[in-house]
Amino acid sequence: MGMVGGGPGAFIGETHRRAARLDGIELVAGVFSTDPEKNREQGRALRLSLDRVYRDYQELIQREQGLAEGDRIDFVTIATPNHLHLPMARDFLEAGFHVVCDKPLALNLTEGLELRRVVQTTGKVFVLTHNYVGYPMVKLARDLVRLGKLGKLRKVVVEYQQGWLATEAAKSKQAEWRSDPRRNGVAGAMADIGTHAFHLAEYVAGIQVEHVCAELNAFGEGRMLDDDGSVLLRFAGGARGLLHASQISIGQENRLCLQVYGERCSLEWRQEDPNYLRVMEGARPAAIWSRGQAYVADISPAAARASQLPGGHVEGFTEAFANIYRNGADTIRAALTGEPPDDLALDFPTVEDGVRGLAFLEAVVENARGQNKWTRIPQIL
Amino acid sequence: MGMVGGGPGAFIGETHRRAARLDGIELVAGVFSTDPEKNREQGRALRLSLDRVYRDYQELIQREQGLAEGDRIDFVTIATPNHLHLPMARDFLEAGFHVVCDKPLALNLTEGLELRRVVQTTGKVFVLTHNYVGYPMVKLARDLVRLGKLGKLRKVVVEYQQGWLATEAAKSKQAEWRSDPRRNGVAGAMADIGTHAFHLAEYVAGIQVEHVCAELNAFGEGRMLDDDGSVLLRFAGGARGLLHASQISIGQENRLCLQVYGERCSLEWRQEDPNYLRVMEGARPAAIWSRGQAYVADISPAAARASQLPGGHVEGFTEAFANIYRNGADTIRAALTGEPPDDLALDFPTVEDGVRGLAFLEAVVENARGQNKWTRIPQIL
Amino acid sequence: MGMVGGGPGAFIGETHRRAARLDGIELVAGVFSTDPEKNREQGRALRLSLDRVYRDYQELIQREQGLAEGDRIDFVTIATPNHLHLPMARDFLEAGFHVVCDKPLALNLTEGLELRRVVQTTGKVFVLTHNYVGYPMVKLARDLVRLGKLGKLRKVVVEYQQGWLATEAAKSKQAEWRSDPRRNGVAGAMADIGTHAFHLAEYVAGIQVEHVCAELNAFGEGRMLDDDGSVLLRFAGGARGLLHASQISIGQENRLCLQVYGERCSLEWRQEDPNYLRVMEGARPAAIWSRGQAYVADISPAAARASQLPGGHVEGFTEAFANIYRNGADTIRAALTGEPPDDLALDFPTVEDGVRGLAFLEAVVENARGQNKWTRIPQIL
Amino acid sequence: MGMVGGGPGAFIGETHRRAARLDGIELVAGVFSTDPEKNREQGRALRLSLDRVYRDYQELIQREQGLAEGDRIDFVTIATPNHLHLPMARDFLEAGFHVVCDKPLALNLTEGLELRRVVQTTGKVFVLTHNYVGYPMVKLARDLVRLGKLGKLRKVVVEYQQGWLATEAAKSKQAEWRSDPRRNGVAGAMADIGTHAFHLAEYVAGIQVEHVCAELNAFGEGRMLDDDGSVLLRFAGGARGLLHASQISIGQENRLCLQVYGERCSLEWRQEDPNYLRVMEGARPAAIWSRGQAYVADISPAAARASQLPGGHVEGFTEAFANIYRNGADTIRAALTGEPPDDLALDFPTVEDGVRGLAFLEAVVENARGQNKWTRIPQIL
């Protein structure tokens, strides 16, 4: 694999590399920084051959294309600020590379649709790292819903709270570009973490949000994008829901929680304690399903596949991220060999999920600015 | 004390009696059921003198008025369906009795304002059992906010989820009247438990909600009132919030949780684990304050007063309810003796809180029915 | 009821009164302090008729005996330091009163056996307040074991940790007498809380400890009795176990926890979160049983009887204590009327449990002092 | 690196590989199974060059020695049943390779001392994978003790409970060799997990256990080694403790918990929720320290170094294991280059820790068999 972005100190770039590594994928080429010195420094730290640490991503494309199949990278990971996702991904796809791209997909829905067109045209694999659906217990939750254990869904509550924009960290470089509309897109916290929550909710519930009613807030002094927001949700088929995301919830670290209530049964999952899924029926004791147990595998082959260690041996963020890579890489491998990919491997977020997230974001931003109570999320066919 | 309501099997009536008893208040008279046999049966079960088990509340008023001061009841508890709160409370107050009344205050805001007028005119003590603010750690939370430990508030999230209207219990007698607009008022779950959540949020935050944007749902087949609802909140001064209440959250028992986020610090409290308060600053470890400890008393005399047992000796629902009774009874005692009540004793929900809850309810119901995004909660002066 | 002990500020005396009150039992007479002024002060605070606040317990016996049946107290509660349990209880029993007595039963096994003889001779009801078995979920645990759900038991782990003897509280009056062998008996923390843990373990497991191997420690400077201790347990029938109790576990409040492992299933209960029981089989998700639910009542009528509020409405220490009173009082009532007591009411700790606790204590103390690895708990027939 | 052991389906071998990979260490040679077919299969699955998948470990040594420095493996990981640790490690060390070895060190203390002699003689780096001390919060705990925050230690409670030997898994291949004295050594569960608990306790407490009083049990039918055991501990300097380990605690997955009580403050850590450390003083709220926060780094550079992700982004078992590899590999790298290793890198379990674990085991086994109350752990100088 190759990488664009992820220079010294960048959290998400290093996360991509660790995830790939855990799955046995080798990083062999990259552009890590626009600063030539930092770029080489990172390359050396990663023990890369320096002739594959390129000046810019165009050079990377050109030079890797020149290598023999088997020598050149099979795919590239794009871990840059959001405004670069579209131009880079487009060029890589058109040059024949598969792409793993950080979320959100692009600055806005128009860009997202353009990127989708390129993916469709080129036929390349496109993986979007909405990493939280890589958790085994999230896959179990989805499968319990799919199998009808919950009955018809009634209510979905999802929250994603962080506090770092309320602390000193708000002065960091990351905080800077994430608050800049030109580089982060139409929304702030709602784009950065709200789209994760949205994607998680739809992934597990298996039904789509149709309408939103939203409020976005910017509490930080002089902040141009939202650092907090709440959204009422109306799902197709009558279920209702609630999504709130905040980066000013001081003291919260990465509190992503999902509750799904059906007619017969309900589920609760917390990202900060991800190895367990609480399943509740009214008439029986609540059940704490634990990752790695045989009864999980019996219900959910996807959860079993995503689980690497026995129960009680905590898996976390890196394994979940690696599961996205693993399914993506297996699918890319199938594409390279021409074999049909494994059904379970096809379970990763794609450009479609990215477009849907942007459609959600645009509806939220529009609703939050206007006087209408409900805004319909654009339907993408 | 006397009691109206609370016949055999009624949960809330028995709760009132246990709370009063724990505080050493004696029940001596009552009307427990419109069914004469059940009425006497309950009187016997409570070891009351049967000549003080009355046919109806009018008889109770008349006969108790005839007794000498010191012999007759000092106050009456009204634990009936909501539509009876106004007529009964009015008659008791006008007959010179102090009143403890279950929530919500009345069927609607008009009734509530009428009742407030009677309270003001008669000058009697009126206690509304929004019992959840009786918890010591809720009082500590309020005092931490008051003392400025959180800084300016930014966000308040309150939820109250139960599941009993999604189960067999939905066929109970209580479920029946709670779903009947004539007896329960303008709303269902939002009135029954949403007003508790609203009251708790304003009590702790010390700021008022000005605008609401709401959705109410009735998932139960044929149900005429909401069994679920979500509300976006705008507080005076710029804080934002979220309130959701549901009685179809299958598997949830009595999940009332409050989160308050300020500029400097935040709080989290869960009614199902009520002896602890989580206090979070970004730059230090989260602190788990435990009821009954000296460091709580140092900050919050109200929490210390409300705490009966050492830390680790779990207190619960009954003690919190009893704390409402205790403060109410101390205030009634002061009124009877003409002495000024203790400042800390004045800490109980009053008719003002009840009116405010009804104003909130009306705004929520109006907003949920209409197309406007925001509805202002009527200001009551 | 009458009471001896429980003067101003005494925690356990007030606990007894609250428990009794919650169950509707009226306190009408007492001796609260050897200091006449404090004695009267407490009587006034409890709104007792001052002619029934007696100088000493002998006067209480003599004067109450002189009252008509129905007027005089039915039973007395003894809440004094341990060295007074035997002489007082003996005199009350022999004077024809039923007795509720705080634990441990007496200073040592010899005293305990003497007290047992008196109980047997007089035929009076004797209730020992090992209050922790009053919790509904403890009764459910016992019933699950009894019903064979766990299979043959293999291991029982019980711990009871507090920290107050490691803090300033160690200078309190209570700390003083609890550390004095003449007033507290052969052991310190092991007597005060270790016997609770021992009683809880045998109550739930339904099998008896036969041998102990113990270490007792006194960490507090100059402390004459243990403030910490650990005991290996061998149960009849081959189960093994572990009990540890400490009052120097700084930061722990009242951490009493029980784990029971059987061949098929296991249980876990925590006193600081007492409304839940965790039930674990290897091959299924762990189940969180919640007090107040129908599925609990289906298995355990004793748990259902002991539960007063719906699930999610936290019950705690006071309710558990009150359940001891309730069963004791129902049994006393049956004795007074000559009717056979309800089977479920007979579920309270008796003089037998007290004797057993003292036998355990003596074995522990002997073992801790000596060089033998195992000491047999004296068998009492 | 090279590896011996870790064939298809072996949990611990795969764990070693994942840990190494996460830290960017490349596996290039190995012997994975005595079955030639399985050996090659595993080599292929790991994408190794098949000419470096050797028949047996002797061949591995011989052939790798023949390669140029830089080409040949720098160290080998031994992940075989315990009886092979000594012969293999000896040969590797004497052939000039550094060694990473699974725990326990060897079958018994005599073997352990022999291995220690070889390590000392050869001067090679020897890493023992007591992986649980790789957790950042364990390092923080150790540093808080070292810095004197707890005051003089009084009590250490450590438990390690699993349930897999009480379930169907007891019939697995791993269960078989772990219950065989010839392959597992003098003890069963006490060797497999008890030594982890022992190592963790001494690592954090920073003081050594001097005497033990133990009971070992074998509940499984026909089981020749203990599957459960409890040990009273006496530490040098007067602290006391308790260690229990079990593999028949049905329903427990990997419950390793540590409590350390000092004169001023206490700690609690749970391996199944490893990103938090609870720190308790009596006079302040309990503090929940969270991995990844600046206040952790301020106190403990070792915890900061061991932490890879921001707080709230769960790290788990694999990261902790990888931290052992990382420190070991950094030290090996320093040995290879002749530079002095980083002080923080020297923080990994060594042959000394292994010898100490075996000394503990022998004392426990001897004590459990005999009639003496206390057995001294052999002092190794």
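Order of writing sets the labels: A, B, C and D. Residues in every chain begin at 1.
What we mean here is this: contacts are C-beta pairs under 8 Å (C-beta built on N, C-alpha and C of every residue); 3 or more make two chains touch, one makes a residue touch a chain.
The structure displayed is predicted, hence computed values, not measured ones.
Can you name the chains that touch chain A as well as chain B?
Chains that touch both chain A and chain B, as defined above, are C, D.
Given the two chain pairs A-C and B-C, which is bridged by the higher number of C-beta pairs in contact?
Higher C-beta contact count between the two pairs: B-C.
Between chain A and chain C, what distance separates the C-alpha centroids? Give it in angstrom.
So the centroids are 55 Å from each other.
Using mean CA coordinates as chain centres, what's the chain B-chain C distance in Å?
The answer is 35 Å.
If you look at chain B, which of its residues touch at least two other chains?
252, 283, 286, 290
Quick check: in the complex, which residue numbers of chain C touch chain A?
Residues 279, 283-290, 293-295 of chain C touch chain A in their complex.
State the interface residues of chain C toward chain D in the complex, per the touch definition above.
Chain C residues touching chain D: 154-155, 157, 159, 163-164, 166-168, 213, 215, 217, 219, 228, 230, 232, 234, 240, 242, 244, 246, 248-252, 259, 261-266, 280-283, 286, 370-373.
Under the definition above, what is the set of chain D residues touching chain A in their complex?
11, 15, 18, 21-22, 24, 46-47, 162, 252-255, 271-274, 290, 292, 308-319
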